[in-house]
Amino acid sequence: MPLDLAVLVFDLLGTFAFAISGALLAVQKGFDVVGSLLLASLTGLGGGVIRDLLLDQGVPNAFAEPLYLVPVVLAVLIVLVGLVHEGRLHRTLLVFDALGLATFCVMGATIAHTAGLNPVAAVLLGVTTAVGGGAMRDVVANRVPQIVDPDGVYATPTFLGAGLAVLLLELELFGAPAAVAVALLVFAARLLAVVRGWRLPLASMR
Amino acid sequence: MPLDLAVLVFDLLGTFAFAISGALLAVQKGFDVVGSLLLASLTGLGGGVIRDLLLDQGVPNAFAEPLYLVPVVLAVLIVLVGLVHEGRLHRTLLVFDALGLATFCVMGATIAHTAGLNPVAAVLLGVTTAVGGGAMRDVVANRVPQIVDPDGVYATPTFLGAGLAVLLLELELFGAPAAVAVALLVFAARLLAVVRGWRLPLASMR
Amino acid sequence: MPLDLAVLVFDLLGTFAFAISGALLAVQKGFDVVGSLLLASLTGLGGGVIRDLLLDQGVPNAFAEPLYLVPVVLAVLIVLVGLVHEGRLHRTLLVFDALGLATFCVMGATIAHTAGLNPVAAVLLGVTTAVGGGAMRDVVANRVPQIVDPDGVYATPTFLGAGLAVLLLELELFGAPAAVAVALLVFAARLLAVVRGWRLPLASMR
């Protein structure tokens, strides 16, 4: 699979996963179906739109390519009819959010690196792409964003994922298989952090 | 009236209407006059700034053209001296917000279409322009944005308005009279939704 | 000191001050160290990123120049080990926030003016740069932004600072000494407003 196509497939998959998380939160909050569509769009497309705005290369993909609406609408429908729903352990949203994080940190870093940014900037853009949509979802739904919630290691795996992706890109070892492997690693790290209750040190040692 | 001038007049009118809604919310929240000016600016200019950022065509109009400050300052003054104030039914804010929605969905779609975006993207940009400023107003004032509040059909009329505007543009039937007609339709639909208590299906059928 | 270098030094200083305020808020909210890093980045770099997005001149400095990460990481570490901490009067955060406001309103206006914007737009961009990062900090930490909090004159000194900077630029009297003087004036005005409990008129006279 050529890298262009792989990037597109990955980006659509991440969009779908984040859109599911947005639609699930819409159900929790009692939103109607259009509110769900807007929250799913913001979550699924938001990170990529921020990435494209920062790269300053014309109209963001999410607006220029109607194809990006397909995973969003699909996610809203799937949640609407109840094919995916929040379980008793409240972890369905977390799993889809983790899948979005995993794909978007790799994709954001790859797209930024391909656009010619320096490695550090590419890592930062990968992290921003990964956490941006979820942060806007949480702000609009009026809850403290998971990025700053100490109950769980959230952004750290995306630093690892974006860092690894950029390292492999610099070493010219990157391709679709490497992207999948790094994304799976991030996904596993995020889920393990939730299941095992991993914590990081607090912001103050006092 | 040439389309350029009509676009400007419409854009200033929508800015004024949204700025009034921001200034009214500032009064409700007990903000001071500079807080009111900032909230009115964010609401009145926010949607257009997001639109211009997404279109990636230089400095957004709201910053490049000092003329856009006139409706914002006017709105703050009008609310300050009490010429427009929130009534017992709490609907003054809703009416001005509806007027902003109606003008901005048509203008956003028109400007995006004129900038060469495909029809689907133009509709999305129209909706984003219409709901963006109000969403930022509500987030900054720390309440759940109306876009996701199930108590009332909010974003749906803007999809209709932006869709109709793009359809008429594609058919080359668009002009100032059509823009006014579509905006009035959106305005009426939004107000009817509030008055009649229209609801959409919830985000989950379970 | 040439103006380019002065701009960079000022920008890094403002970033550091705002990042300290973000890291202090992270401690108050009980965030972990990565949450603190994200909130410090958002606060320290957010205003400049918004400024650069609005100026539409390529990738924002905060992403393109890894140097901007130094003050952010430094701020998080300093707060982590407790070298700077919130006092009993809860004013440490306010002081660093005021320092950020003071430097960023001058820098934002200067950069916008140098980029060729008209004087009014340059003032607005200065204010936006100054209040943008703090507003995002407060929204993400789920509190009403200080920009609209009536308990204290917050944005007004940045209008004065940006206005003075643009006036001096227009008169060709601007340089590093003038920038320092204007920033000190804004800093003093903001702190006096807090200490003296200055208030502005409310948004409604009714």
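Per-chain numbering from 1; labels A, B and C assigned in written order.
Here is the rule we use: contacts are C-beta pairs under 8 Å (C-beta built on N, C-alpha and C of every residue); 3 or more make two chains touch, one makes a residue touch a chain.
Predicted, not measured: the structure shown is a model, and the values here were computed from it.
Overlaying the C-alpha trace of chain A on that of chain C calls for a turn of 120°, given as a multiple of 5. Where the sister copies chain B and chain C meet, the same residue numbers recur on both sides for under half of the interface positions.
Mean C-alpha positions place chain B and chain C at a centre distance of 29 Å. Residue positions of chain B with contacts to 2 or more other chains are 53, 56, 139, 142.
Across the complex, chain C meets chain B through its residues 53-56, 117-118, 120-121, 124-125, 131, 135, 139, 142-145, 147-150, 153-156, 159, 199-206.
Considering their complex, residues 23, 26-27, 29-36, 38-39, 49, 53, 56-60, 63-64, 66, 69, 76, 79-82, 85, 139-142 of chain A touch chain B.
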